[in-house]
Each structure stands twice: as C-alpha cells, then as structure tokens.
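Below, subunit A partners subunit B and then partners subunit C, in two separate complexes.
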Partner chain A sequence: MKVIFLFRKAPYGSVNDVEGFRLCTAFAAMEIDTNAIFIDDGVFVALRGQDPKGIGLPPIDAAYKKLVSLNVKLYILEEALKERGISKENLIDIEYKLINRSELAKLISESDFTLSF
Partner chain B sequence: MATLYLITKSPFIHNDPSEAVRVAILQRNREEKIGVVLLQDAVLGVKKEQFSEKEESFEQLLLEALGKGVDIYALEPDLKARAIKPEEIIEGVAQIGYPKLVDLIMDEYEKIVSWT
Partner chain C sequence: MGKLAIYITSGPYSLQNSDTVYQLAKTALDKGHEVIGIYEQVDGVYNFNKNITPLAEEDRNIAKQLEELAKLGVKLKACPVCASYRGVQSEDLLVEGATYEGLGAVADLVLECDRFVSLGY
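This part shows the complex of A and B:
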C-alpha cells in the first residue's frame, strides 16, 4: 500500500500541519509506504530558522525531521517554492526530493490513497 | 476617524488580505489615519521579492498603501515563528510586539475592522 499526505497550509496559523504529521507518523510506524508532499503554503513548513516560542507553540520543522527517521519520503513542489521566492538555501536540513507538478500527478496516480491537510 | 484593519490569512492562498489592503488604501482618501496589522499567516506577505508570478502582487499593494500614508504593522512573534528575518521585510513595515498591538487596538485607533 502507498499513501500520500499532501501538506497545503502554512504552519502555526492552523493545526492542519500538526494533525497531518501525527497521522503520517502513525502510518509510517505501521511500515506502510508513506509519502509527505509539501505544496502551496505547505512549503513554509520546511523553512529554516523557525522560532515560534513567542506565540507559544513548538517548532514544526523539528517534527518533520523525525519523519525521515521513520522512512517517510518527503517531497517539495518546486513551483510552490518559486512562487514564494524561497531558495533551496532557505530550507531545513532534511532529506527531500524536489518535484514538479507532473511528477506530483504521477505520485498521486500511483498511490492507493491521498490525504490532504 | 482612525481605523485599524486586522488581517490573519496567508496572502498566497487567500484573496482576503489583498482585498482588505485595497479597501484600506481607498479609505485613506476619506480618513486621516488608517492602519493595517498583519497577524498569524498574514505575516508571510511582508517578505520582500516574493510573488514574482503574480500581476498585482501583495508586495505592490503594501508598497502602494505605505506610499499613500497607510501604516502597516506586522507582529514580531508571528514573523519569528515563520523564519522571517527583520532584514527581509518590506521597508516601511513596522514590527510590533503584543503590548504595542494592544495599544493600537485600545488607544491609537477608534475603530477596528477585523478582516478574517
């Protein structure tokens, strides 16, 4: 079975990324082929140097680093980075693959199901 | 009359922030003092040189607003959370903390427009 998690929202403004992460962890722990893809505002999750102490929340980038150790494959949509003026140097030190929209479409067609957060 | 707009959504995936700034710019023609506070995901819009593919970008709107004398504020804890550094922010946008936000709401402006 192959599962895809789509992260589409910016971190901290909503709980979507946190809830998606939790479910993603659960799937990965069951040794299911789990893939996390950051598109739209979801790419902000992967920004280096997040410091949310001032708004009373834990940093989400640290959580996503953990996914790699659970063998979750991470992908970032290159177009979304470009649209937001984010260069690769601005991203956290994490194992990920940059993909374009047609590769995204291919991944989704290959998956058994896709969950969007 | 002094009016303060509060914006909370990301300008990348919502139209609301742009719409609010457009209205604030128009209102500046009628009122002496107009302010816009960017909170939560809305602070994502104050970074310079983003939005390269859009016709009328949020950055252009903010610059137009600043040029017309609208005061633009961004909440510093929200900027820090989202890894936006002070030197990356559009010139003229004021970084404020929670105490200053309370001052703006309670003392400095008479009317609040919460555009959420």
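This part shows the complex of A and C:
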C-alpha cells in the first residue's frame, strides 16, 4: 500500500496543511508507505525561517521535519519553486527530493491512494 | 461488489459535500456495494451533530441523513481533536451510530476499501 499526500496550499491561511500533516503522521505511524509531495502554493510550507508568532500560530516547518523521522518520503515540485522565485537555499534543512511534473504524474500513477490537501 | 469509504473535511450546509456523501453512500448501498465507513475531519465533525435543526420544513436534515446511513450499517467516525477544537467534543452531541475516533481510523479505511472518496475544500 502506497499513499501520497499532496500539499497544495500555503500554510497559515487555512488549516489544510496542519490537518493534512496530522493525517500523514497517522498513516506513517501505521507503517504505511507514506509520501508527502509539495506542489503549487504548498511549497511555501518548506520555506526556511518561518516566524508566525505575530498571528499566534506555531511555525509549520518544524512539524514537517517530524515526518522524516517517521520515514515519510518528501518531494517538492521543482516547477512550483521556480514559478514562485524560491531557490533551494530558501528551503528548510530537511531530506527531500526535487521532482518535475512528469515525475509527479508517475508517482501518483504508482500509488494506491492520493489524498489532496 | 465493492467496498467504498468516504472522507470529508467540510461542514454541513456550506458546500455540496455533505449532500454528496449521503447521496453517494445511499446510491452505493442501493446498488449492492458495501460502504465500510464515513470519516469526518476538520469542520466535517459538525455533520454528525444531532442538534442540527433546519428551520425550513422542506429542507433536508444532514445529520439525520447520516444517521439513516448508520442504521444501514455504515460506520460513522469523526476526529476527536477537531471536535475538541470546535467545542463539540461531547459524544452526547453525536447522532446515533457516530463515534469519535483518532486519525488512524482513516488509515484503516484506506487499507480496507476498494475505493476511497475524499471531499473537502
């Protein structure tokens, strides 16, 4: 069983990323082959140096670092970074693989389930 | 015949999702499929609230519709953390047949079903 979580939205503006993260954690804890892919505005989750204290929220990047310790494989869509002017130096120090759109399509087609947040 | 599982993150009377959940599950059951469970996360937890009272008489009662599914053997589960964040953590507020259970229950549905339908924003 291979499951993909697609993260498509920027953090803080909606609860999507937080809830998707929680579900992703639950799957990984059950030793399911769990993969998290950041596409579209979802790539903002992986930005370095997030400091949302001013709006009363904890930084989400710390949470995502936990996924690696649960053996969740992380992928970031390279085109989405380029479209938003984000370079690799801007990303959090975390183990991930950069993929392009055709690799994304392949990953999705090889998975049993894809959940989109 | 297949095993269907449904997952929803939106609340009642805001998007068509809650109606789709009921109609899809009902139709699947009518056609002889099994609906192994409906899981509600985020604002979805409100769909199981037994105090839902549509003021227009002709309007459908989404909570009652889901309760009807539970009576047909569909397991209704909702996220206790989401419920707590929304102040509806008391199981007394849930329609008959619905319970709170952690997110591992979603993984269980995914592992058991043939088709998983996810509805959200």
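General remarks:
In this text, the second predicted complex is superposed on the first by the 117 of 117 C-alpha atoms of A that agree within 3 Å, B and C clash if a C-alpha of one lies under 4 Å from a C-alpha of the other, contacts with A are read in each partner's own complex, and residues count from 1 in each chain.
Basically, a contact is a pair of C-beta atoms (placed from the backbone, for glycine too) under 8 Å apart; a residue touches a chain by one contact, two chains touch by 3 or more.
Computed from a predicted structure; not experimentally measured.
By the document's definition of touching, of the two partners only subunit C reaches A:Arg22; subunit B does not. Shared-chain residue A:Glu89: touches no atom of subunit B or subunit C. By the touch criterion defined above, A:Asp40 lies against subunit B but remains apart from subunit C after alignment on the C-alpha atoms of chain A.
In the superposed model, A:Gly54 lies in contact with subunit B only, and not with subunit C.
Note on subunit A: of its two partners subunit C and subunit B, the one contacting more of its residues is B.
Overlaid on A, the two complexes show subunit B and subunit C touching the same residues of subunit A, namely 14. By the touch rule above, subunit B contacts subunit A in their complex via residues 8-10, 12-13, 40-41, 44, 47, 49-53, 76-78, 80-83, 85.
Considering their complex, residues 1, 3, 14-16, 19, 22-23, 25-27, 29-30, 32, 112-113, 115-117 of subunit A touch subunit C. Remark: subunit C residues 7, 9, 41-42, 81-82, 102-104, 106-107, 110-111, 116, 118, 120-121 touch subunit A in the complex.
Of all residues in subunit A, only 8-14, 40-41, 44, 47-55, 57, 82-85, 90 touch subunit B in the complex they form.
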